Amino acid sequence: MSYPILSKETVLDLVPFGNSGQEAEFLALRLSPPAWKEIAPGQFVMLRLSGNHGNHIWGRPFSICRVTPRDLVIFFQARGRVTKEMAKLRPGDVIDVWGPLGNSLRVEKDTPTLLLAGGIGIAPFVEYAHTHPAPWNLSMEFGHRLPLDCYPFDSLNEKIDAAPHRENTVEDRDRFIALMEKRMQEHAKAKGLVLACGPTPFLRTVQTFALKHKVRTQLALETRMGCGVGACLGCVVQVALKASLIPPADSPVCKGEEYHNLQTCTCGPNFWAHQVKL
Amino acid sequence: MGKQRITLSGNGRTLVLNNPVLTASGTFGYGLEYTPFGNLASLGGIVAKGLSLLPRQGNPMPRIAETPSGMLNAVGLQNCGFDEFVKRKLPKLPHKDVPVIVNLYATSPAEFAELAGKLAATEGIAALEVNISCPNVKEGGSSFGQSATMAAKVTEAVVNASGTLPVLVKLSPNVTSITEIAKACEGAGATALSCINTVTGMGVDLQSKRPLLANVIGGLSGPAIKPIALRCVWEVTRAVSIPVIGIGGISTPEDVLEFILVGASAVQVGTANIALPDAAFRIAEALPHTMHKYGISSLDELRGGLKI
Amino acid sequence: MGKQRITLSGNGRTLVLNNPVLTASGTFGYGLEYTPFGNLASLGGIVAKGLSLLPRQGNPMPRIAETPSGMLNAVGLQNCGFDEFVKRKLPKLPHKDVPVIVNLYATSPAEFAELAGKLAATEGIAALEVNISCPNVKEGGSSFGQSATMAAKVTEAVVNASGTLPVLVKLSPNVTSITEIAKACEGAGATALSCINTVTGMGVDLQSKRPLLANVIGGLSGPAIKPIALRCVWEVTRAVSIPVIGIGGISTPEDVLEFILVGASAVQVGTANIALPDAAFRIAEALPHTMHKYGISSLDELRGGLKI
Amino acid sequence: MSYPILSKETVLDLVPFGNSGQEAEFLALRLSPPAWKEIAPGQFVMLRLSGNHGNHIWGRPFSICRVTPRDLVIFFQARGRVTKEMAKLRPGDVIDVWGPLGNSLRVEKDTPTLLLAGGIGIAPFVEYAHTHPAPWNLSMEFGHRLPLDCYPFDSLNEKIDAAPHRENTVEDRDRFIALMEKRMQEHAKAKGLVLACGPTPFLRTVQTFALKHKVRTQLALETRMGCGVGACLGCVVQVALKASLIPPADSPVCKGEEYHNLQTCTCGPNFWAHQVKL
């Protein structure tokens, strides 16, 4: 796997998404690119605002939304203490970045692959879609709460067949869940692959369908992290180790396995649905 | 400046460190996690994650939380156990170039002795560090470190079982008199004292009305506790004659020198490694320069030289 | 929301507070210093600077220092003494509209009793708060608060000398078992417990190689110690049945609710008053709104309701 | 004395003084003016950067350099943690201000008054000179380390007779000290008044001459402060209380007095030289 480095990177710009009058909740942060040798889609970085912060001592994990020789793009939601500070960054500001971290989302060139994203969970799929060797085998269902222009949906839709589903009501949500199940069943039949990224309740739903329909499914977890490098053991998740790491196409669902506490930051953040306890 | 080798001698055993900046147990994994961020051999020493005889899965999640200028943890000593450590971790560490110190966790003096004996028979370990903040399972679960008698018993058990291996004892600040415990450990044969472990604390989330840690109570670390740690090191170094390793909130080379000024012989960097993965390397590297800046020509000269 | 009167009853005495937000001793002067910044009567109560029989000049300078998310102080109980307090401070305080609580400092149980007796005979005092972190001058200078026996003796002395005046006992966190001390004070007749006083710490200045405080050792306070204070309140409220006033690092209305969630009946705001002079007023005022924001309809419902 | 208030004030601008190429060490901070009823020269304010600061929990004291209906001007030196942060303030930023605090420098319309300033100690004299009812009775000796344009000297020199003395060498310093002594002797003879503001060693020198030549002298102290309002007792200084607070013109020097610890923030910052232990 790739070898992470720690560097100081410069803010190139910060673009608010969506044109609501108020302060933007979703923003794309463009940084000078770290001197990475290689990265795989689904990996993440830790960002830390430089200086002393009484309020937040750790860095924060963010999916690599896009990386090019010119920039590293993070797409984030201003929701808490650090992300709200990040929303105030200005071009020229310098922040600490370490990465690329974690394992990658599975890439299988010729397998029909379904991407399921909930809200900010769209972030890693941008890099995934842009680097996939056969994007025509990808399709995406994207559930979102705010208007579509709040998310980097267009840059994804350029590359792959992606359908947005705005969730404003309970009915919207039920419809989206039903659709996800249908699409996962299709992929089960086609011996396809499912990749899901979004909030934990969303991942739980996907996991249920994955087990029910026996479709190989990877879940990108969002655990609270300290170090991001596997040392502090603050981000563990229970994983059934004896289940083969990459299940065969007929999707064995593990039962009665012994669970181990594995670090989400180094053994994940992408876990097979049949192995991980959410 | 150049050579900064530090010799810790006490009760007839000696540990030689590359320089005064070590890493603190539990904040630096098994050291291997940090190889991308610096050269392990540039550190004074590496203290591994608390090790028990058998693997332990630790506490349920959540296990860590941020607090003002600090953090709480209740990892619960998750670790890979002795066998796995010796088979898969230790061989990968550059133990010829940097002292590897194993932090011990057990629930009775006998278990401590057993683990210490096995470690003493293992190649590549420079010293043991006894975590006396473990619960004393036999005697009701309060920690060994909170009673001078029990602290001495555990120290003695490890010292007797470990041949000539230096034995550091890691003191808990959660006591009425840390000097009393320190003297008991010195009397029981400790080579040096590590000072301090985390301060007991807790946090809650108002939204969910739940504790921030599944274990409710956890250990506070980071810059917030630096004043407490400095005070403990100051008190302990004046009460014992074995060397003391200062720990608590160190995140700059200035912090290192502050601990040495109050009497420490070396230090461990903990939470700072979690905040930024090159912290210990950066601090060790910058130390000579920082000494120069403050006109400090040698650590021996600085040590305990607080003017009062 | 509206009326937030808090009744603290224990061991047969009762103190009624305007609301749960008091000010902590030593951080709010005699209250008068803060009249430009808010209405004293809007506070739950005012705890005055530690008072001794005779005036005291306190420790030499420097007496205060900043630390990460906190501060150290070694003011050394400088105060104007009983006579001056009764003559010049108390009459100016709106003691009909806000409970005025006097924090007591003495160096022997007899001296505590004498001071308590004089205060009990004085109009306008709602309660006493016994600072058991004072050094026990007769028995070697370690603090009363670090021994259950001595803490009980001091509590008893004050309770016996103070008629029907409610007696709060202020616990020190610098002990192996705070619950043991808490139970001793409850047993000795305390009406309620104030929890916690400062955590012992120190700081040094690398440039001058001197301690940050002339007294070398001082008390750590502010947000840095909030996790320690929450843990103490949590432990103590589960060990005793008298009410507990939470203190330590409170600087927002959310902090107040966190302390109540772990079991406190009221709180005191300390270092936050030093950081911004309207802190206590602002917190008291914002509390109903903050409760509303978190869907908390009553403090009684919230109190001790931590889900574990 | 004036009744202090706490308010949030807006940064109007921040003007670096001196045109050295590097980061300016001396800056004038212009704030929206608090709704003060009255102020007296020599009083100060506490400023606190808004938000949570792991590094500095207290506000910081600054002399009121100038206050008008349009602005409050603070002249400060970027020397430590907070002042270096202050040097990064931008127009529109909001900070906490409480004041006016402390006692005033003595104003005696018809008394020849000598102002002695060391470095940043010039700050309170700007307001003093601008509000004095008879500025022709004022004169000033100003010792400084950096080029004169680093300090608000010109705005003072407009109003009063002020002489700058650059101190680069030990000889410069000795000359300046000798001059101060000479000027203080003159004022002693004229039953004049001396007011001094500067670093503590400077104030000690002035104090020595004040006692030696029996000239009524006020020293503006710079003590480290916590609350600024007299509550924390962190800023005390030893003062001989029994010495009459305003000594008669023949300048009694107190001896063998009992000293009390008084708060610099409320009983000072301006103390009579014969009363205070430095």
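As written, the chain order gives the labels A, B, C and D, with residue 1 at the start of each chain.
In the analysis below, a contact is a pair of C-beta atoms (placed from the backbone, for glycine too) under 8 Å apart; a residue touches a chain by one contact, two chains touch by 3 or more.
Keep in mind that what you see is a predicted model, and the values were worked out from it rather than measured.
**Q** Which chains lie in contact with each of chain B and chain D?
**A** Of all the chains present, those in contact with both chain B and chain D are A, C.
**Q** What is the distance in Å between the mean C-alpha positions of chain C and chain D?
**A** Computed from C-alpha means, the inter-chain centre distance equals 36 Å.
**Q** Taking each chain's centre as the mean of its CA atoms, how far is chain A from chain D in angstrom?
**A** 57
**Q** So how far apart, in whole Å, are chain A and chain C when each is placed at the average of its C-alpha atoms?
**A** Chain A and chain C have C-alpha centres separated by 48 Å.
**Q** Chain C: which residues touch two or more other chains?
**A** Residues 68-70, 222-223.
**Q** Can you list the chain A residues in contact with two or more other chains?
**A** Counting only residues that touch two or more other chains, chain A contributes 52, 54-55.
**Q** Are the chains arranged, by touching, as a line, ring, star, complete graph, or other?
**A** Graph shape, chains as nodes and touching pairs as edges: complete.
**Q** Mind listing the chain A positions that touch chain B in their complex?
**A** Within the complex, chain A touches chain B at residues 3-6, 48, 54-59, 96, 98, 223-224, 226-237, 260-261, 266.
**Q** In their shared complex, at which residues does chain A touch chain D?
**A** 52-55
**Q** So in the complex, which bits of chain C are touching chain D?
**A** Checking each residue of chain C against chain D gives 26-29, 33-34, 36-37, 49, 57-58, 61-64, 66, 68-71, 73, 75, 78, 222-223, 271, 273-278.
**Q** Could you pull out which chain B residues touch chain C in their complex?
**A** 67-70, 72, 146, 174-177, 199-204, 206-211, 216-217, 220, 222-228, 230-231, 234, 249, 254, 257-258, 261-262, 294, 305-308
**Q** Report the residues of chain C in contact with chain A in the complex, numbered from low to high.
**A** Checking each residue of chain C against chain A gives 68-69, 223.
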